[in-house]
Every structure is written in C-alpha cells, then in structure tokens.
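Letters are used for the chains, namely A, B, C and D, taken in the order the chains are written, and counting of residues starts over at 1 for each.
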Amino acid sequence: MIVVLGELGGRDEYSLVEALKEGKIHKPVVAWVSGTCARLFKSEVQFGHAGAKSGGELESAQAKNQALKEAGAVVPTSYEAFETAIKETFDKLAEEGKITPVPDIKPPAIPEDLSIAIKSGKVRAPTHIISTISDDRGDEPCYAGVPMSTIIERGFNVGDVISLLWFKRSLPRYCTQFIEICVMLCADHGPCVSGAHNTIVTARAGKDLVSSLVSGLLTIGPRFGGAIDDAARYFKDAYDRGLSPYEFVEGMKRKGIRVPGIGHRIKSRDNRDKRVQLLQQYAHNHFPSVKYMEYAVQVENYTLSKANNLVLNVDGAIGSLFLDLLSGSGMFTKPEIDEIVDIGYLNGLFVLARSIGLIGHTFDQKRLKQPLYRHPWEDVLYTK
Amino acid sequence: MIVVLGELGGRDEYSLVEALKEGKIHKPVVAWVSGTCARLFKSEVQFGHAGAKSGGELESAQAKNQALKEAGAVVPTSYEAFETAIKETFDKLAEEGKITPVPDIKPPAIPEDLSIAIKSGKVRAPTHIISTISDDRGDEPCYAGVPMSTIIERGFNVGDVISLLWFKRSLPRYCTQFIEICVMLCADHGPCVSGAHNTIVTARAGKDLVSSLVSGLLTIGPRFGGAIDDAARYFKDAYDRGLSPYEFVEGMKRKGIRVPGIGHRIKSRDNRDKRVQLLQQYAHNHFPSVKYMEYAVQVENYTLSKANNLVLNVDGAIGSLFLDLLSGSGMFTKPEIDEIVDIGYLNGLFVLARSIGLIGHTFDQKRLKQPLYRHPWEDVLYTK
Amino acid sequence: MIVVLGELGGRDEYSLVEALKEGKIHKPVVAWVSGTCARLFKSEVQFGHAGAKSGGELESAQAKNQALKEAGAVVPTSYEAFETAIKETFDKLAEEGKITPVPDIKPPAIPEDLSIAIKSGKVRAPTHIISTISDDRGDEPCYAGVPMSTIIERGFNVGDVISLLWFKRSLPRYCTQFIEICVMLCADHGPCVSGAHNTIVTARAGKDLVSSLVSGLLTIGPRFGGAIDDAARYFKDAYDRGLSPYEFVEGMKRKGIRVPGIGHRIKSRDNRDKRVQLLQQYAHNHFPSVKYMEYAVQVENYTLSKANNLVLNVDGAIGSLFLDLLSGSGMFTKPEIDEIVDIGYLNGLFVLARSIGLIGHTFDQKRLKQPLYRHPWEDVLYTK
Amino acid sequence: MIVVLGELGGRDEYSLVEALKEGKIHKPVVAWVSGTCARLFKSEVQFGHAGAKSGGELESAQAKNQALKEAGAVVPTSYEAFETAIKETFDKLAEEGKITPVPDIKPPAIPEDLSIAIKSGKVRAPTHIISTISDDRGDEPCYAGVPMSTIIERGFNVGDVISLLWFKRSLPRYCTQFIEICVMLCADHGPCVSGAHNTIVTARAGKDLVSSLVSGLLTIGPRFGGAIDDAARYFKDAYDRGLSPYEFVEGMKRKGIRVPGIGHRIKSRDNRDKRVQLLQQYAHNHFPSVKYMEYAVQVENYTLSKANNLVLNVDGAIGSLFLDLLSGSGMFTKPEIDEIVDIGYLNGLFVLARSIGLIGHTFDQKRLKQPLYRHPWEDVLYTK
C-alpha cells in the first residue's frame, strides 16, 4: 500500500497520476492533498513551508485530489477521513491475504520539553547562576526591584541608579549627589596618564570604541586610580582601631607605605586644593556626620608639620568622605560597610568615572583622524 | 509531643534533661541521639557537619540517650526504632484524647533531577552551545579527536596542535613547520610598536600578566598586524580573478589602497630581506605548488619598476605562501579555503605569535621593576 | 700614586693601613676619609648610601685618617685640602722623574638637558600626541576648558561632564538631562545578556573588577547593544534622503536588513512600552524639534500595519531622539552631526551606561562569593 | 611696495594685472610666478600642493609673468633674481623718500631639530622606556640578540623563541622541547571552562577575533589556570625549606589551602594519568636532575594514603618539572630562579598555550555561524 500526503502547489502529484494511469503501480494508493481551504481566501495564501504556495487552478489541492481519484487512488472526502481510508485499505489487503500484519510496536514516548517538565513540577533543574541586582524577565527591567519607568517618572539621576545597582537600596539624594560629584571629579585627568595614553594608542591603531576603552581601563589598578580605595581602607582601619594621627602616619612609615590620599605635586598648606575644599563644604552642609573626614584632616595637620605639600588631596577627601557616607547614612550595617570597603566599591566608582574620559579620548582621536602611534626609538633605552 | 533528634558532641541535650527533671516540660518527649557507632572506632571520628565531633564521655551519644531516658523521655533502643516510638507516643496521645489527629496530606512528588530525567529519556533539553574542535569529557582531552597523550607520544609540535584545533585536521609536517616559522617570525618586533607599548604601559601600572598582554593585543587590527591577512586576501582575489600584476597594482591605486605585503622602510631591490628569501626557499623545497607566491613575486617585479623599495616584504611572503599551503596541500576544498581567508586565520597566527612577545615584554618590565609610566607633557600638543 | 677617598663606617681602610705598615705598598698614598663632621651630631647619623653609617670609635672617619697618617699616607687636614695634597704629591713624583706627565685632555662638553634646551628655544621637539578634550597641566584639570572646581560650584551633573568631554561644549540642561536618562535606561538588562554573563563568569573566576567589567564590555558590538546606533544611522539616512516610511521599510526588507529600533518581544500596539512613552513625552516637553522622532513614529505606524509587535522600542526612541538633540539644539553644524553619527557616539553612551550594570554584577557575585563557573556539559552539542 | 610670489595654475594673478592696468594700485609691484620649468615636461606635472597643477596656456607661469610685466610690475628674469629685484625697488623707494627704512631685526635662530641635536651631542634627552628582550632598529629584528633570519636558518622551534624572549638566553633543546610539550598540553580543555566559554559568547556576539580571545583570557587567574604556577611555588617552597611530604601536606591543611597539583576528578592510584607518566618519562630521559618532580611524587605517595584520587595531576607534573628545568639546566642563578617563580612565568606559558584553544574556539563559532548567546532564564536564580 502506498500512502500519499500531498500539498497544494507544485506538480509532483501529477507524476503519480500518470503512473497510475499507465498501470505502472500495482499496490493500492491512498492519497490526500491538503490545503483545500485555500479556496476560502481571496488571493494567494502561504501555507506551511516555503514553496507550498498555492498557484494556478491545476496546482490547487482540489484539482489534485480529483485527478488522483480519477486515476484510481483511494481519496477520502476530507483530511479527517484519511486515517479511516488508510485503515480500511489495510484491512482489505490483510483480508485478501496480500499482506501479513505484524504486531504493533509501542512507540517510545516522546520526551517532554524541559521547560514544560519544569513548569509541571516533574523535573527540577539546578540553576548555575545566582543574581540579585536586576531582573529583566517582566514587562520592563527592574533595578533592585524598581522598574525603569519609575526611575524616569521620579526624576532619578545617574547616582540613584548606581545606588540601586551597586548598593541594592535607594540612598538619600545627598548621597547619590555626592556619588555624582565623585564621578565628575574622576572623569578625566588629561591624555598623559596610563589609561588615556593606552586608549589613545589603541584608537590610533584604528580599533573600535570598546577595544580602545578597554585597553585603557586595564591600566587601572594599584598605581593608577588605586589611591582612593587605599585611602578609604587605611583611614578606616586607623580610625576604627583608634590610632592617633601620629601613630597612624609613623606606623605607615615603618611599614614603608606612603599614606594614600596625602600629598600633592603643587598644592600646599597655603595653596589649598579648591576641589578638596568644595567636597568638604558639601559634606559639612549635607552629611549627618563627617568623622572620617575630620580624622583625615587631623592626619593632614600632622603630615603638614613634616612637609608643606603633604596636604589632603582629592583621593583622600573622596576616600574618607565615602566612609562617612556609608556609616553616617544609617543605611548599612557594620558588616556591610566592611564588605563594601573590602570589595573595593570606590575602585568601581573610579573605573566608571574614568570611562567617560577614555571614551572621550577615543572620540577625540577619531575626530582628529590620528594615524598609528609608534613610540619613538629615541625614547627607549635598549639594553641587556 | 516533642521529637528530638540529637547528635553526639555538644551539650545541648543536657539542657533538655535538666528541664525534664525540673518538670518544666509537660508534653511527652521522644528522643534519640545518633552517633553511637562512634564507640566502634579507636579514636575520634568526624560525623556529619563541623562541630559534631565526638568529645569526652559525657558528650557521647550513649551518655546522652541514657540521661534523656533517665529524665523520662521515650528513648528507643536504636535509630531504626525511632519512628515506631514516635508513632506509638502519638497514637497514645490520640487515644487519650490529648490531641486530635488531622488527616494525612499527600506530600507533593519530589521532582526528578534533570540529569536523571534526561538519561531515562523522559525529558529533552535543547543545548545552547555547539562546539567541534575539542572534547574534554573523557579520560583526557582530545584535540579534533586526537587524545593529548597521543600528541606527546607521536612527537607532535606546536604547529601540529594549531593544525588540529584551528583546521580540525592533521596537516603534513611541512605545513605545520611552516606555521611554526610564521609564529617565530611574528613573535616580536621591539618595544615601540603599539602592542608592545601598551603592554609595557600596563605592566608598569603594576597590573597582572593577563591585563598587560590583553591591553597590547587590543591594538592588533587593521593598522597593526593586519597586513598579512590583507596581503593574503588581495593576492588571492587578484590571482583567482586572473588579474595581471599591472591590472592588480593599478586597480588598487585607483581605489586608493596601498598594496599590502609590498614595501619596506630600508630593504630594496639590491638589499633584499633575508627573511623573505628564507621563506621562499623553504617553500620551494617543501611546497608542492607556490603559484600564489610566484604571483606575489610578479607583483613585486612590477612595483619595483616604480620604486626601489617596493619589495615583497615578510607580510606579503607569509600571506601568499599561506594561500599556497591551503591550496597546494590538497586537504581543503575551495569553499573551505574561501572561508579560512574570509574569517582571517592569519590574523589568529599573528595574534598568537605576538602574544609570545607581549608576554616577554611584561616579564621584562617586571624584572626591571619599572615604575608607573606617564607620557611626557612636552610630547603632547594640547589644542582645541 | 694611589688616591683613596674613604668613608666613615666599615673597616676597609684598615687593610690599607696594614699593607702600608708591612711595606707592601711602594707608591705614595694620598688619602682622606670623609664624614668627620659626624662628631658634631649627638647620635649616629646616616651619610651617603646604605652601609655608610657611623659605627664605633674605630670606624669613625677621624680614627681612620689618623691611622692612615701614622702608617705613612699623605692625609690632608680637611677635604678641601685633598686636591692640593694630590697635586703636590703628583708634582713631586714628576719632579723626581718617577712619572712622566701626559698632556691634559679637554673633557667633552656635558650635553644640555632636553627640557632646558627646549625652554631656551635651542631645540624643537615634535609632539607625537594631539589632544583636545582636557588639560591636566595647571592647578586643576579642565574639561573642555572648564576647571573641575567650576563644575562642582555650578552644580553640573554627569550629563554635563559627558557633554564637555565628548562634545567639547556645554549643551543646555535639557540635553544633558536627556543624556542622563539614556544612561539610566541602558544601565542594565539583567544577568542573562552576553555582557553581564561574561562579567559574571570572570568575576566568578576570582578576577579583579576591571578584568570582570572588561570581559563583559567586549561583547558589546553589532549584535549586543548595537541597535541604538544603527537606529540613529538608518533613521537619519532615511529621513535626510526624504524616504517615505514605506520606501524605507520596504527598501530595508529588500536588502535583508531588519529595521533597527522596531520590534519587541512582548510589547505591541495595545500594550505600549512605557519607557518609550516617557522618552517621547520628555522630548515633547523640552526639545525644540522632534522631527526625527516623528519620522520614527511614522515608520512605526507603517510596521504596525504589518505585525502587531513591530512597535518603536527603546533603542529606536533613543536613536531617533538623539538625532533631534543634535539637530534641534542648534549647537552642531551639519558636518559635525554627520561625524558624530559616523563615529558612533551612541555606542559610547551604551558602553558607559552598561558599565554601571557590569560593575554592579561584579560586586554582586563577589558579595555572593560564587565559585568558578563551568558551563554544564549537558548544554553543549559536541559534534564534528 | 607689494611683493607677489605666484604659482602656475589658477587665475588669481590676472586680477592683479587688471588692477594694475586700471591704475587702482599706486605702490610699486614686484612679482614672480614660479613654475616655469613646467615647460620642460611633456605633459602636465604636479608641483607643490594640491591645486597648483599647470593647466592651459593662460594659466602657465610664463604667461602670468608676461602679463604682469606688461601691466607695469617689476618682474625679474628668474626666481634667483627675485630677491635683487625686491631690494632694488626697496632702495629706490627709500632714496625717493617714499619710505623710511627701519633698522633690521635679527631674526631668532631657528631651533635645531631634536634628533640632530641629540646626534651631535648637544642635548641629552632622558629615555622613558627601558627594554631588554628585542631590538627592531636594525635590518631585521633580533630576539635577545639573535637575528630573525638566524632563527630560521638554524631550525629553531617555537620553544626556542620563547626561551629567547622570556629567558633572554638559548636554553638547550631538551628544555625548549619540554616548553613546547607544556604548551601543547595546555592548549585547550574543551568549550565548558570559563575561558573558552567567554570566548564563545563574545564570538557569538559577532565580535572580532581579538575581542573574543581577550574576553576569554581575562578569566585566567587564581581559579582557572592558576594551579600550575601555584604548584611550582608551593613545591619549591616546601622542598627548599626541607619539609617532609607529611609536614608540607599537613601544614597546607592547617592553613586551609588545597595542595595545588594534587587530585583528579577520575584518575586514581590504579588509573594513572597517561599525560603525567609521559611527562615524567620525558624528564627521566632528558633532564639532568628531577629532584623537584621526585619530591612531588613523594607528596603524591603521602596524599594517596589519604584518598585514592589524590594523584599528582598534569598541573603538578608541569609545575614541579619546570622547577627541575630551571635548576637542573645550570643556566640560571638562584636569584634568577626565585624571580622567575615569583613573577609567574608558568602563568605566561598557560596563557600562551590556551590562546591557541581560544583562537580555535573563535574560528569554530564563526564557521558554525552561531547567533548571539543569551543565557537561559531558567538557569538563573533571581533572588535578593
């Protein structure tokens, strides 16, 4: 027995019609060409896969079914009757002894799709990733539970979003504004520092924005950009252990470590850094407590007694005030503060801020259409 | 009813004993302290989680069970009898009308573990990753089907492994040796080129090896290291389209594109590049066909008629010979060769090779204990 | 003649004293041990390099000078007299005919230091770097000419700093606030997208913040994050060429390019994206012109006639409104706008914004102390 | 006096001719149009900057000079005579009292070019970079003093080049072959490890080869790939301090550190790792001393007494044998070996080796045309 399930479109079924007419086929043929509902549509309609598009009259399903029937095939009146037609033809052949029925094999169960099986509770799959800061599964992404549209509607600023994604809570506006000030102060420091330099070299090698940015970011670490985090760590440790400025500074000296956050190339006791003064003023006006910053100022008083340029610099001001933000806001437990300082969130702040500058340098070099950089031979000491 | 399942170690159960003795507990207590098999061991043995370590006699499970029993708790003779003891106590309380039994709830079926469900064919999970070059699931990883130990036993070299992992086939030794020669020739080009320079700057920022290497790698692209791939692409296109050297060179000129692989700072017709000559010699001795390289030489002949230093350089020699390797080896179909040239395998070769140099520069700067690099202000034109 | 210039500390000079006493030295010795001013200090004082620390009496400079004199060396009374003592001894030897004086050689002039030579105008050195966005040479860094302290004093926000460093001008507040809104909307999109995923994997490999961030940033490109820039480019091109929405959309279809900025997984005509609505509302309230956005809405109207979910999405809204910002603000010339769109500033905006999220994911994984990620074997189709 | 120096091409000089003819100019005009040698060439020739291209007769220099002369300008017969003509006209005007000569100002000396000033020894510029491993200033680059062509001629292999660029010396072949074996063994470990996974994700984001490679490399660190270096460090420390395997292993346990280089997922005492055996065999056959490896084996003997799978693994074998290479070759001093182990050269070896695999995975994904990867939501635990 030959079972044929055809489709409107194409002319393959007519070969079968020919073969039947010419008596080349001896087995009974049960056939159905689907797609006759195409008649219901005004114009051509696409069914199923590419190619099965209804064409002229001759290719229509009805025409094909008609031709097959006329050539001697068993053609049911509808698709629903197809199964019965097959069974009847089969039974007839068996009855006539033309075929020997074999016992039915139980087909293997089709495995269930994982997602369905999980939903129905039949299967549990361990998750390999845990994430707590944002969720993108719903209508719109949420940052720490706050939907994006709320963020716009409430007039949040960039500092607020940093607060949600890094600290998982909405810090008061005076805190998020302080975070923004830090970002702005650290956004760039000219083209000569390691980060900007590498970004410039990569941009001039004709590379894309991300590669240029990244090549510069990779220089950020202990020696470039690391002083803010270090300042926070050392000031916190010294203050929390109750060290006097003298004990702190001399202890660092004994260990051979420069006090981070102290010292400036040109600023001095009588030529204070305006940025530091503005930061301190902001904190005095808005922060409930500035105990860490005041400790840093005491340290500065002691170091100024040693040398005139050992002033509290921007790194030290940011580092100490960040401690005051964490501890004064009352929104963090002690272990949380320790964890934040330990992980090094200020490093994140510096990295984010400096990305603004590094992206700017990339755009700058591209605008200037600068060619491939090659460091001058004369500036290199080739030795053994 | 209070059910207690204790553990040897610790003294918590004795508080219960006290409370029972003092009559503070009115409900029946069914208790069992596990871990009595500890007696079977010579010395202290660790059971379960941290802290549950058998200590002195008093803390042993037996002592505790004894004390609980004496204080009036129902203590079975073994853990196996614990369930029965609970049931009996419960039934007794129900009988006495002290508690009202609630009908049993059928606990939900515990979902099957995903890995078991997949193995038993109940669930099918789509894979999200396809990979064809190596397999790490067996006893030892295989590269394109070849186990690692075979690679050592057969005396494979680095070129052979590149062949397996990049081309998924074992190329003849003359090919893999040629690949090695290319790697060696491209391994370094001094400290002044973009890649080495950025690596040096990052190493001097005190960053780790990977960051230093990566910061340099990111400069590799169209202007730095890209000439080899470009040479292969343009030579292939020109040769396959049957362009004469004149047509090729003049066509490039019209499009404003420099012919890659041609031209050298100091080398010229009468002062040939020894490396190019050695590469050509190697190919003449080992390659079954050098038609692409010969085409490159014809191009060189034409460009030399225009300027004395427009010689075939190392990039051009490698680029054209790589085409001869692919097409002459007979191990690649035409579409495969097109795909390899299109994807840019030679870029991979350059990147891998130069990594040797960039890693070397990182080690060099670390050995030399070089401080943070800052580009000199005097070398920068600050403008608008 | 032997000339000896010793140092207090150490006992080397006493070997010479012994040799002189034993008559092993036949040439005249002129000697001076410096550091006798050590006597003036109360305690030990460090002179010169490590090791030259005044020790006991025997090692003091005075003692050594005394011993040398007693052993027969010519020892002057002070360091100032050392030169004369050498000259006298030399002249005496010459007079006695023991040595033959050679004519004086004129020492080569010491080259001038580069910085001094440049300042005095004797030498000009070409600069190898050009930079126009910021200057760090003065008291405090300037962004596009604006000193950092001014940025704080005037209450600038992050958008203003982006404006200065990327566009080299102070855009009006409605523009910089729009930039901030875009940054906030693009800051994160959950842990499953390529960028966050790679960052999470790297953080779980125990790597530092920068490496983790960078590993994620590198996935940003044509397929991830690229739609905003593409939307701006295609909308600009279509609008500027005066294409009707029909011509634009059908033209894209013919080229086989999906219209970027159109289409959403779940949003539709009757379930609009609130974020898009808020962006449009903001622009309507603040922008002098929204012609590009209106064009995008016309395109949306056309695509909605084809399928219900072909709505203008956030990418399309940001892309088209960014064009309105550039062209409506009146602060950019036409070639400047073309350059900005060509370079791809919106890509910079996405990269900066998403850095907030990627840094957040790094902190998240570190807080969660997640172990090394290994992709499950079951999720990989190993094939040939 | 008006002095005019014109150029062939353009028609600007004719405006002057007109003005002279119309008597609009009262001052004497001294003029010369350069470029008359254009007559000597057959066709058009380009002189000077863009635009100055000789056109028709009228624009030729000769025609212009002729026209100026006819209009009354002083036109010399050659460019050489231009200066005299200016001087004569000036003197004449001064004589006639029409102008009052001002005393000559001595023009400032033109500063010398830096490179010339340095060569002549007048100026010394400090170098900002030191480099010792390679030199690209000559005919061909040298690796540690060995020219590239020598490297090919002598049949060096990749291990030899690593030796030159990392160790700055030619190690014996048995050493460089061992380095190659290590590179081959570490080249890949399937698609599931962090490095390959991130590379695959980045390649599927449609990013370039370097970005894909780099995104994977950045996961290499303490948890992924770090065991080899750690094994070398701990084995060296323990052996050099004379610790017995018992003291070493138990000391590590007390510090809570797993012994690196020991332990395998499936390998055990009775199912040894073939790779380890082949490495050991190679070393026994070629190394003059294998004391560190023998120590590692003693450690293994001790750990095997604790658990059956605590075998020496590939990391441990490479780590300990690398120590034997350094100390047994007799080519390194003790401080040099300490420095090499301290800097972490084995990390470099792993990074280089794995780059082969990561590049291979990038090619693989590009060949397979894999779409953007998105981690499945179902695999993430979203929590707080």
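Here is the rule we use: contacts are C-beta pairs under 8 Å (C-beta built on N, C-alpha and C of every residue); 3 or more make two chains touch, one makes a residue touch a chain.
Keep in mind it's a predicted model, so treat the numbers as computed, not measured.
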Which listed pair, B-D, B-C or A-B, duplicates the contacts of A-D in over half of its pairs
B-C
Contact-pair count is greater, between B-C and C-D, for C-D
Length of the line joining the C-alpha centres of chain A and chain C, rounded to whole Å
24
Note: chain D sits from chain C at a C-alpha centroid distance in Å of 18
Between the Cα centroids of chain B and chain C the separation in whole angstrom comes to 28
Multi-partner residues in chain A (2 or more other chains touched) are 114, 125, 128-132, 135, 137, 191-193, 197, 208, 210-211, 214, 218, 220-221, 373, 375-377, 380
How are the chains arranged in terms of who touches whom: line, ring, star, complete or other?
complete
For chain C, which residues count as touching chain A in their complex?
128-137, 139-141, 143, 148-149, 151-153, 156-162, 165-166, 180-181, 183-185, 187-193, 196-197, 200, 208-211, 213-214, 217-218, 220-221, 266-267, 273-275, 278-279, 282, 339, 343-345, 347-348, 351-352, 355-357, 359-364, 366-368, 370, 373, 375-376
Chain B residues touching chain C - in the complex, by the definition given at the top:
114-115, 118, 125, 127-132, 135, 137, 168, 208, 210-211, 214, 375, 377-384
Chain C-touching residues of chain D, taken from the complex the two chains share
108-109, 111-114, 117, 121-126, 191-194, 197-198, 201-202, 204-207, 211-212, 214-216, 218-224, 371-377, 380
